[in-house]
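Inspection log for the structure reproduced underneath, given as structure tokens.
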Amino acid sequence: MEQLASIIGWEALKMIVGLIGVLAFVVVNALILTWAERKVAGHMQRRIGPKEVGPYGLIQPIADALKLLGKEILTPRAVDKPLYYVAPMLIFIPVLVSFIVIPFDASLVVKDINVGILVILAFSSLSMFSILMAGWGSNNKYALMGAIRSIAQNIAYEIPLLLALLPIIMMTNSFSLKTIVEAQQGLWFVFYQPLAFCIYFIAGVAETNRTPFDLPEAESELVAGYHTEYSGMRFALFFLAEYTNMFIVSAIAVTFFLGGYQGPFLPGIIWFLLKSYLLVFVIMWLKWTFPRVRFDQLLNISWKALIPLAFINLLITGGLLKL
Amino acid sequence: MNSLQEFAPVVLFSVVALLFTLAPIVIAYILAPRTKGARTLDTYECGIEPYGSAWIRYGMHYYIYALIFIAFDVDVLYLFPVALNYAKGERPEEFYALLCFVLILALAIFYAWGKGVFTWKRKFSQ
Amino acid sequence: MEKVLDLARANSLWPMTFGLACCAIEMMSASMARFDIARFGAEVFRPSPRQSDLMIVSGTVTKKMAPVLITLYEQMPAPKWVIAMGNCAISGGPFVFEGQYNVIEGVDLLVPVDVYVPGCPPRPEALLEGLMKLEEKITGKRRFPGPEERW
Amino acid sequence: MVGKIKTELGAALGNIEIGEVNYRERGYHLCCEVDSGEIVKVARFFDERGFYLAAEICVDYKEYLELVYIFGNHAALCRVKVALKVDPAKPVVPTISTVFDCAYWYEREIREFFGVTFEGHPNMTYLFLHEGIDYYPLRKGQVQVSAEDKKSLGSFQPEGAEDTFCINLGPQHPSTHGVLRVVLKMDGEYIEEAEPVLGYLHRMHEKMAENRGYLQFHANTGRMDYLGAMAFNLGYVTAVERMCGIAVPDRANYVRVIATELNRLSSHLMWLGAYLADLGALTPFLYVFDDREQINDILEPVTGSRLTYAYFRFGGLYNDVDEAFVAATKAFVERMKSRFVLYEKLVTGNVIFINRTRGIGVITKERARKQAVSGPVLRAAGIAMDMRKTEPCAAYGAMDFDVPVGTRGDALDIYHVRIKEMENAVRIIEQALAGLPEGPVMAEKVPKKLKPPKGDIYHTVETPRGELGIYIVSDESDTPYRMKWRVPSFSNLMVFPELAKGNLLADTVAILGALDLVIPEIDR
């Protein structure tokens, strides 16, 4: 270990270990979430969900993944080759980069960059590009409509997302997530900023295209939205990115509003995962209860309701801090 | 130099992300059986071959949304440094600066609202 | 390696929403609460043929629908299977008479069919039994004791 | 009402004699003979008096083709049959689609199956059939489609500028509940023009009726509309009984009402589930199927099948109803009342649902009458016409139930009308169960080979989707000479292109779902 560290420097070694850890976590998290989604959906709809495959259907996601691995990958003739190939790859970059700054535990963070939250927000708008590429590249009318809708939705909900996080930064005067979590020793920020938490959560659900905002891949209108033309493993990558995005949104909500890894007696990492998966469960719960919002209502909610509310909240925090 | 050093992980992670997505596609390419049909590579449109290509000028309405977004995103970015060193409890003039900045920003929304940008009116004879 | 892949494919067959006529309602009730198809990992009904690997032809195939069916079948990626559900899909069912001009007598004239599920409309249990038969065809061994083996 | 119309029609047409017809056997009050010159005048006459064009039927009598127009009235029960003789060599008739919009579709169908050309009709292309069929199917002899006819009938090609965004909500689409194809010309998110293309499930029911015995054809009625199969059975059986004059014992009538109302409940429940799945909520679909399974459990031991019933026979029932059926139905009725409260909470109060359905697809009374819309869609527009009230067949006369009526005619009203209709269905079942008489279930002497008297009959029944009209022409042999089914979904679908213009894509899917279309019923 020591001579390895001395060769490439202690810092680089920590990064590589972090990288492997993050990759493993992403894969395991995707498997758990696919299984949980089908089980939660099942129980919510008075049926049991996958039960035959493993003890409690646990091997079902592995069966899905293997089956997708064994599926042929078709590239339709009339498709714009470069865009079509790059889209699934590009969607994965923001997913992995966001994991750098998320503090799983007091010491368990890959590299605490002092402009942490900016990195996540900058890269999260990158995923919008890949959806546009997928939609435009696959030369399919449904995919094009799905892509256009997802861009309008993402830009509409990016601003309330930023504005919801601003009051927290005001209170802690720093971007790096670790200091924000430390600042929540006494009382979690959710009690200072309940409105900001709600705005953030709604914008987060909209950012990951989950019902009731899942217009880009609305089954009943656009057949399968922007990934209509993708088959086999490429389609699985889109799914993988969506589930990991869901986890990232809830992880950021936890670090900002629910006091990251602080908790009375359990070790930090357990608290962090517990809170995150609780929020992920709420997102899934939303999916199976609400009908879909129409496209112009979706935009109106953001421009007419969320952004003014976020402004008012910002002003109130600004004023209170001054007193 | 050390600020560049901080962003090394970002570059490393994105390169690894590209490789991480490439691997399963290559595996699937090797493992999966092949199928060849006359219409396999046609674009999918509920079973009917589509009329006209999908790459055409699409609705104009979204252009206005893009304009408003740019205006707002830039303004919000200005707020970030303000939020960074927002001292608690003294120099009240910071709050007044913030107040008028945000009010001007809100003005843009009400202008767009009044102009009817957000109402998707129905276009039909009824 | 192929055996492991076949086992995985058998346990997560994603059917394509392709409901034609009365059998579509029975297909839907097969995926609902009482006859839960989700237990066998087949509950994700993918709308687009690109992502599905099982086509359940549930209903009558008319001459106007035949080219559409062939296109959809060919647009599905490689390991794909077809279940012909109901008498109409197997042999034209009650709509075969000497002057008939619009019904295709049996889907196997158009696409290779793996499992036939007779009945008009077949009960949801019959469809699940058809799924079991398909899994037996893919992996060679059967999960539940079939009706005939029990006695 | 009938007398007034008779005198006014006589005055308007002058020379033509108007026959007063016995409504009990023939299903219509007045019948008159018109030649092709005056048909547009007659159509305008009925249009002014608030009639709607129920059906337009063509019958091939070998020497001449007879075009039958049936006009019905929403307010009072008065049905008029207008006949028009056309010589088979050169079948040309002026179109009345300018007066009644629904004629636009009826005439396209007759053009395909009989070869009667309607001049002045804007779009004479194939609706049901396709180029592969080179003779007119429903004509008695084998009449070839001439070359120039075939060219004019060419299949649907969307014209329009090169870069119009033409998308087709094709045969295989999650929200079309079957194989309906709608070609949408769109500009951005808005729909400029919607053009349904049918015939992907045309199963030749009417052609089969001409070479099947009356009892043999009975199995087809259940397969035409598999969600409301019992109502179709009831319509067919009561039509033939009315023609042959067979009396049905009281107990059979009551059981027929119970079975039809149970089937109406399960059809509306299926619609509720499918409609909410169109709007994006997937969970209610499974709760609704849970109730449908209960209904299937009650009906299956008695009728023998889960979906496509063939339970009624001419003169009574297939087999009697036992004690377990009555007990199970009583338990189900109690449980259903609590389920309505659940649906009230789960769906009606939902803000997103209300915003998605209020104010879209508004059907005015005038448009509903012009398009001959019927059923819950018509009642949502404010016209309270229910066949169970105006022409009660089985034992509906003895039941008291109210007909729910909407005010604005948009998708939300259609939803409320259907929910109230379900509650009324439960009330009817309760009354029918309470008053279930004892006694035989089958009429005594029913001839094995039915030979109805010569002549025709137009009999209507209320199915879950609207007014079902059966027009049977019999020539005293044991197979019907011609049978035409006037199907509610076909005329309900005609409203869709009007409503979809100018709306967003998400709204058109909601409108399509609200109309509750069953595709095999449209394509017959």
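Lettered A, B, C and D in written order, each chain numbered from 1.
Everything below uses one rule, namely that contacts are C-beta pairs under 8 Å (C-beta built on N, C-alpha and C of every residue); 3 or more make two chains touch, one makes a residue touch a chain.
Since the structure is predicted, the reported quantities are computational estimates derived from the model, not experimental observations.
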{"item": "Which of A-B and C-D has more C-beta contact pairs", "value": "A-B"}
{"item": "Centre-to-centre distance between chain D and chain C (centres being mean Cα positions), rounded to whole Å", "value": "31"}
{"item": "Approximate Å spacing (C-alpha centroids) for the pair chain A, chain B", "value": "14"}
{"item": "Distance from chain C to chain B - Cα centre to Cα centre, in angstrom", "value": "41"}
{"item": "Euclidean distance of C-alpha centroids - chain A vs chain D, Å", "value": "49"}
{"item": "Residues of chain D engaged with two or more neighbouring chains", "value": "165, 167, 170-174, 189, 286, 290, 504"}
{"item": "Chain C: positions in contact with at least two other chains", "value": "5, 32-33, 47-50, 68, 72, 75, 77-79"}
{"item": "Per-residue multi-chain contacts in chain B, two or more chains", "value": "31-35, 40, 42, 44-48, 50, 58-59, 62, 120"}
{"item": "Graph class of chain-chain contacts, one of line, ring, star, complete, other", "value": "complete"}
{"item": "Sites on chain D touched by chain A in the complex", "value": "165, 167, 173-175, 189, 276-283, 286-287, 290, 350, 352-353, 355-356, 504-507, 509"}
{"item": "Contact set on chain D toward chain B in their complex", "value": "158, 162-173, 181, 187-190, 362, 501-504"}
{"item": "Complex interface listing, chain C residues touching chain A", "value": "4-5, 7-9, 11-12, 32-33, 36, 38-41, 43, 46-48, 50-51, 53, 75, 77-79, 143"}
{"item": "Of all residues in chain B, those that touch chain C in their complex", "value": "31-35, 37-40, 42, 44, 46-49"}
{"item": "Chain D - residues contacting chain C, complex", "value": "129-130, 132-133, 137, 170-174, 177-179, 199-204, 207-208, 211, 219-220, 223, 226-227, 270, 285-286, 289-290, 292-293, 306-308, 519-520"}
